[in-house]
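Shared between the two complexes below is chain A, which pairs with chain B and chain C, respectively.
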Partner chain A sequence: MKENKELLEVKNLGITFFTDQGALPAVQEVDFKIYEGETLGVVGESGCGKSMTALSLMQLIPTPPGKITSGEIIYKGEDLLKKSQDEIQQIRGKEISMIFQEPMTSLNPVITVGKQIMESILIHDEVSKEDASRRALEMIKLVGIPMPEKVFASYPHQLSGGMRQRIMIAMALSCQPSLLICDEPTTALDVTIQAQILRLINKMKHEMNSSVLLITHDMGVISEMADNVIVMYAGKIVEYTAVKNLFKNPLHPYTLGLMASIPDIDSDDEEELEVIPGSVPMLYELPKGCFFAPRCKYAKEICHNECPSMIDKGENHLVRCWKYDKEHGKEWEDE
Partner chain B sequence: MENDVLLKVEHLKKYYSIKTSSLKKATSYVKAVDDISFEVKVGETFGVVGESGCGKSTMGKSVIRLIEPTSGKIFLDGEDFTALKGKDLVKAREKIKLIFQDPYASLNPRMTVKDIIGEPIDISKKYPTKQQRDERIVEVMKQVGLNLDYMYRYPHEFSGGQRQRIGIARAIALQPKLIICDEPVSALDVSIQAKIINLLKQLQKDLGIAYIFISHDLSVVKHIADRVVVMYLGNVMEMADKKDLFKNPSHPYTQALLDAVPKISEERIDDKDVLSGDVPSPANPPKGCCFCTRCPKAMEICHSIKPELIEIEPGHQCACHLFTNQK
Partner chain C sequence: MGSYLVKRVLQAIGVILCISIITFFVLNIVPGNPVRIMLGEFADEATIARVTAEMGLDQPIIVQYFNWLKNMLMGDFGVSYFQNKPVLDILVTSFLITAKLAGIAYLLSIVLGVVVGVVAAVNRGKWIDSFLMTLSVFGISAPSFWIAIILQIFICLKLNLLPLSGISSVSSFILPGIALGTRYAASVARITRTSMLEVLSQDYIRTAQAKGLKKWAVIIKHAFRNALIPVITIAGSELGSILTGSVLIESIFQIPGIGKMLVDSINTRDLPIVQGGVMYIAVICVIMYLVVDILYTFVDPRITLGKESES
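The block that comes next holds the complex of A and B.
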């Protein structure tokens, strides 16, 4: 499964929002790689910067106020941030495409869904309208929609939420992208429909041999879909590892806290859920030092003063926490 | 046993008529809630689960008569709640309160926290003097863990979790016996969700409040509820004690729901049994059992005759032909 060939590398990405409250760092020091055929999961609570990271890959950050202030996004050996808008247009939708959370608001309500799928094919490939419409119909069949001819001529409001999300997937995959970004693709859907859509994303990934960047707040979805996982908190990556490792051996206190606060459907435990004290800091009041330190039960003096960098724990496991630092980690050893 | 029952709902129905023109007679009905009966005991949590459009919110709102039920009876504390009017209804509603899903939309943006919590107190005149009223507000704010400095702030200044606390404070201000929680944690992040769930459990322990807990999230319901009802297209599919339901789910729909929940485990999405098809439109439900179009175990009879809700074990009811046949 893992061919270990890099498709995309993000280096030291920083996104800042320039607002009345000053320059707010929405994303800082984000590094990651996506390999060919891999599903990379990004998990975190609202406001942790996971959607912004995804939008930056396609340069869809609302500008102003947002701006990519640092870093490189290297896709197939070329830095996307150095490309002109026209060049990006060629990549967006063809090489990298995206599925959004709310399929109702991301489809055009006054154009039939068939035409909307044709649109992206016509922009990127030099084909006749007949060919484009044939391909669009094929895509609708491929994503498992019953009565594709009828759906082709339907408007978004005539379809259910699950159907709309299938249309979004058909549209995103119509040009056979190498990378599919899914931003909370199933959050607005019911559980039984969610399972259908997740399975469809997985099936299409295998058929088209693309990579998937899956953004979600649901640890269960990550567990079922991802190969590797990034955990984000307040704009920074706090942990990166293979999915099995994350659930077997989570290292960062935030990851631990997050998992403890989810009620487990398989256990009969009726005890109180563990909670992380406090709340996610606002971007204009980010603490000095480690962003999680004020809420962390393991925090020591150094955590409040200096932000740790990503520490390599081996076996493809990176964590941003002083506890695992070679020198400073000794302070925690007695506990 | 009879004294334990706080709320008794009998054959509750809510039909919405579909009209082609406002002057014509209704051509058909959307059966949002179709003949539901249940009881809620003092101090227990009654969970209601189902997918969107299954009628769980309509059911919750019909119980408190924010939506007037089409037919059926509701008894609150032995009193016929459906027959009440005017002042008597306002008085009876002191015992039964509602918490909404969206903490952003359910608080008046132009009222301070103090006035939001004080509003039900003013209406009931339970704490007549200003001093008593203020004391009660302070007491309630302490109970839900709101900082007293926030008393004169407006809802927009709060985060989602804090707002939900304000909504809870408003609900418990008059010491109700029953609170209907309509998806109270769905709009919140997981770490905040845990705090609100813990708060609801704590309040139940301290004040002996019963909850009707409506949610689409099975793991949350499993954590908080004592008894659970599973709904689909306005019908009850299965009703049982929580332990029974989760250990021994009998209805194929309940089983499918439990399978579909994403879990942290070794299981990958490709290994799962996934239910096919969409939820049918409630305006045009299938004939026979409403789940027959998606049911992996559907038989011939399921497409023609609607199964009755029968007791398959003591306290465990299920509406499925798999069990009617046995009898």
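The block that comes next holds the complex of A and C.
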């Protein structure tokens, strides 16, 4: 991992949804760090808690029914969960910004995009309207939008999805945040636009000197963009390491499954894509032991009875699997 | 925007013409010769024929219609059969009274309804929400005449705070306004609440929060304007209902408004007043709807564009 200054540390984060079906643990025991200038990738299947983890950093979890039930979120040395609503509002958009999955619906339909960018600036910086408007226009230029003046005065419905996501990026970066959270920023976009948006995020990250938390379910995106990566499964981190390590030496059986399901364009033979058998457990019927055990071809008795904690395999490679436990790991050795 | 406006104005004119045709022909089919009624039972046939000719009532009905329309366009609504005054003067006088009543009721319904709806939505599921919504069910189901009578009994007779009836002062309009407006306030409140809840769950609200906006800034600047769109529709269509609903309230509170005057004129078969009155109300309603539609384009930029790209 990069040895930069630490920007954010999440410790033992737990998020629970209190619903008619009972208390659903959407996120459990999540620990990670983001360093200055780092891009931390988060991968995992739909519903594994990626968005909730991201939203919790800004305390934007839908409450009720959701609630952060445990943990600490240490940002620049201070626990965000201990801050008042007022203090959090000063951090949102200024220190930590977010880009969402749905560019089509994430902008207010009745306000021009220029005004929406201006608003972000006016909330946090004491500048005149003219200055804010000038800065908003600059941001629109910076994210590579043609005819910025015209776009400034446009309403969201007059812009394409890719344009709107660029506007979202311009808005999120208008106050030069230290951390930019991108929650599947390209999932809703055309394939051709996806690469452009990712490149833009990378470029802006370097220009603004920000860190990025990048959520995706695309391993390809992770390999291109991220420094470190978290693999999540059913609300828990199962593997956490540098991207290089993950691709060279994936450890967790779930990660192995994810890797095997990446289509390999270079290979000629009609090799069938491997699919992980079974499906993600529902939150109200999580297994007792390791959440992945029911689908895991390596699972032994211990896996069904007890959930392992994160095991340090050295080289900053953390994995939540009994196979790599000092004691229990022996059971797998002769295979 | 321009072409949309022209289209809407043409539409409005079409609607008014249709109403004029229906009004005119329906009222002229109604049995009973107005001249006979006007001159009394003992008038001789010659006088009746002379007056009928004087008033143009012997001409073909189509010609009568066009004459009537042409005169109306020039501001001449005819002369009342019985009051011997120009119809327009009578209409304007009584309409101004109704307008005061309807205006108070309308203002009450919009302001109170919107405030209650927003407060309920923002406090969704809390006791204040349940309380306000229970109150609104009550408001919708209570008949206006019942509210009127209850108000008269308590506020006027028991507490003696406001005048019981008549139009002697501005305060005379308060109770009738409340009686007339309550039900619409309640329905505006319910629509506003539903619309606000819908909007508050939208992605762009989360975006606004993520910017660091304060809670009420999010509600007012981002949620409210979007939530207003269906409220404006309801508010527009309610105007007509309030004008019609005022007939009942006007008679309970003895207010000489256009509703009471129309009912009286129908009883006496004072055709020019009835025809003119219906047209007058129709034109006002159509204009109000037009205003609402134009208002729409200010609140929701998507509407204008939709129309433009169509044409």
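Please note the rule applied: the second predicted complex is superposed on the first by the 332 of 335 C-alpha atoms of A that agree within 3 Å, B and C clash if a C-alpha of one lies under 4 Å from a C-alpha of the other, contacts with A are read in each partner's own complex, and residues count from 1 in each chain.
The definition used in the following text is that a contact is a pair of C-beta atoms (placed from the backbone, for glycine too) under 8 Å apart; a residue touches a chain by one contact, two chains touch by 3 or more.
If you're wondering where the values come from, they're calculated on a predicted model, not measured in any experiment.
In the superposed model, more residues of chain A are touched by B than by the other of chain B and chain C. Of the two partner chains placed by superposition, only chain C is touched by A:Phe100; chain B is not. After overlaying the two complexes on the shared chain, residue contacts for A:Met163 are found with chain B alone; chain C is out of touch.
With both structures placed on the common chain, the touch criterion links A:Phe247 to chain B but leaves chain C unconnected. In the overlay built on the shared chain, the residue A:Thr192 is in contact with chain B alone; chain C does not reach it. Of the two partner chains, chain C is the only one that A:His124 touches; chain B does not reach it. Of the two partner chains placed by superposition, only chain C is touched by A:Leu60; chain B is not.
Of all residues in chain A, those touching chain C in their complex are 58, 60, 85, 89-94, 97-98, 100, 102, 105-111, 119-120, 123-124, 155, 157-158, 168, 171. For chain A in complex with chain B, the touching residues are 45-46, 160, 162-163, 190-196, 198-199, 202, 217-221, 223-225, 244, 247, 257-259, 261-266, 268, 270, 272-276, 279-280.
Of all the residues in chain B, the ones that touch chain A in their complex are 51-52, 159, 161, 189-195, 197-198, 201, 216, 218-220, 222-223, 243, 246, 256-270, 272, 274-276, 278-279. Taken together, the chain C residues at the contact with chain A in this complex read 202-204, 206-215, 221-222, 225-226, 299-302, 305.
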